[in-house]
């Protein structure tokens, strides 16, 4: 841990906000695939990649002033 | 745009925080690969995926109380 | 969707963090009024505006070191 | 400040992420109008409303895997 | 409130994301100690410091592509 | 790194948003003191604590609809 900065790591923290409704298997796959995508493109070591999922309730998300719950 | 909610989209917004120092080509590839990873695993349509990169200066990021700039 | 960048859109994503306790009608009005405010002042098209609400529990929010739940 | 919680304030913190390119006057108007929208709909007192603007560079924002800088 | 900017305050907003499982007493102490740390080091007045806690579910947090719930 | 979840770590990520104007020494001390405060109160190991500083420009921050730059 103490030499994490030595190789010019990008130290990525990825936050995925998405509407509720995805299964736990989907979330597991999401986290794995996103981690791989970041490792492949930024040269971060896998251990340096953190992913956080933030679920949004449908009445807490809107595009064009219209919430996902108000359809 | 107006029927975005019809097919139970996840409407993902992905934020990638990482240390400064990646090239523009790396950022382009990062955005493409992360978008694909999210489409593949959550069933979102590609058009529904937003990615934001936030670069962190090395004196603004620390692990274990030690900043990346203080090595 | 593919020409979203053509007219120099601001592509705003607005996040409203607030203490729990507002009604669903208040949230609906909040999202509508905030969207209008952003369209009016930044020249974004309405369809380009995303709003996310994040509710904070009263024991998870503090000013001056004192939580809203500890009054 | 010490009685901020007394009247069930919502204590809103609004973050507006948007692409660079808006003028300072637009930002000033944005902050004023968004504050008013939040006061009107959530019953917060004006003094309790905080607004933060976060500008995104065009090569740091993508929809559908395509960055605003890559058009 | 109206002269908050007069003394070059830093107006800090601190967000602590952490895995669920801490007690309410731990959160109370966390908020107090973090507020003191920010006051001591940035010269902010205590009243100007806001702290928000965001708990992460164990299936919503991963390091190295592995979620805390998948051990 | 691989046994980070073993002891029910809180895996905290702390984000400090504050107005520009603090010195690099202040930021260094801030990061150290905040890390200690989180370790002391949540039982996280020091190596598990990440701190990110996000500076806000004075024309990008407002309370009560008035920006820090408009005084």
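Order of writing sets the labels: A, B, C, D, E and F. Residues in every chain begin at 1.
FYI, contacts are C-beta pairs under 8 Å (C-beta built on N, C-alpha and C of every residue); 3 or more make two chains touch, one makes a residue touch a chain.
Treat the numbers as computed from the prediction; the structure is a model and nothing was measured.
Trainee: Could you work out which pair in A-F, C-E or A-B copies the interface of B-D, where over half of the contact pairs coincide by residue number?
Mentor: Of the listed pairs A-F, C-E or A-B, the one copying the B-D interface is C-E.
Trainee: Applying the document's contact definition, name the chain pair with more C-beta pairs in contact, A-F or B-F.
Mentor: Counting C-beta pairs in contact for A-F and B-F gives the edge to B-F.
Trainee: What is the distance in Å between the mean C-alpha positions of subunit C and subunit F?
Mentor: Result: the chain centres lie 23 Å from each other.
Trainee: Could you grab the centroid distance between subunit B and subunit C? Build each centroid from C-alpha atoms only and quote it in angstrom.
Mentor: Centre-to-centre distance between subunit B and subunit C: 20 Å.
Trainee: Between subunit E and subunit F, what's the gap in Å when you average each chain's C-alpha atoms?
Mentor: Taking the average C-alpha coordinate of subunit E and of subunit F, the gap between them is 7 Å.
Trainee: Mind pulling the subunit D residues that touch 2 or more other chains?
Mentor: Answer for subunit D, listing residues that touch two or more other chains: 1-2, 13, 17, 36, 47, 50, 52, 56, 61, 63-64.
Trainee: In the complex, go through subunit B and note every residue touching subunit C.
Mentor: So the residues of subunit B in touch with subunit C come to 1-2, 13, 47, 50, 52.
Trainee: Contact residues on subunit E for subunit C in the complex?
Mentor: 24, 27-28, 31-32, 35-36, 46-47, 49-55
Trainee: Please give the residue numbers of subunit F that touch subunit E in the complex, ascending.
Mentor: Spelled out, the residues of subunit F in touch with subunit E are 1-2, 4-6, 8-19, 21-22, 26, 29-30, 33-34, 36-38, 40-44, 56, 61, 63-64, 68, 71.
Trainee: Which subunit A residues qualify as touching subunit C in the complex?
Mentor: Residues 17, 56, 59-65, 67, 70 of subunit A touch subunit C in their complex.
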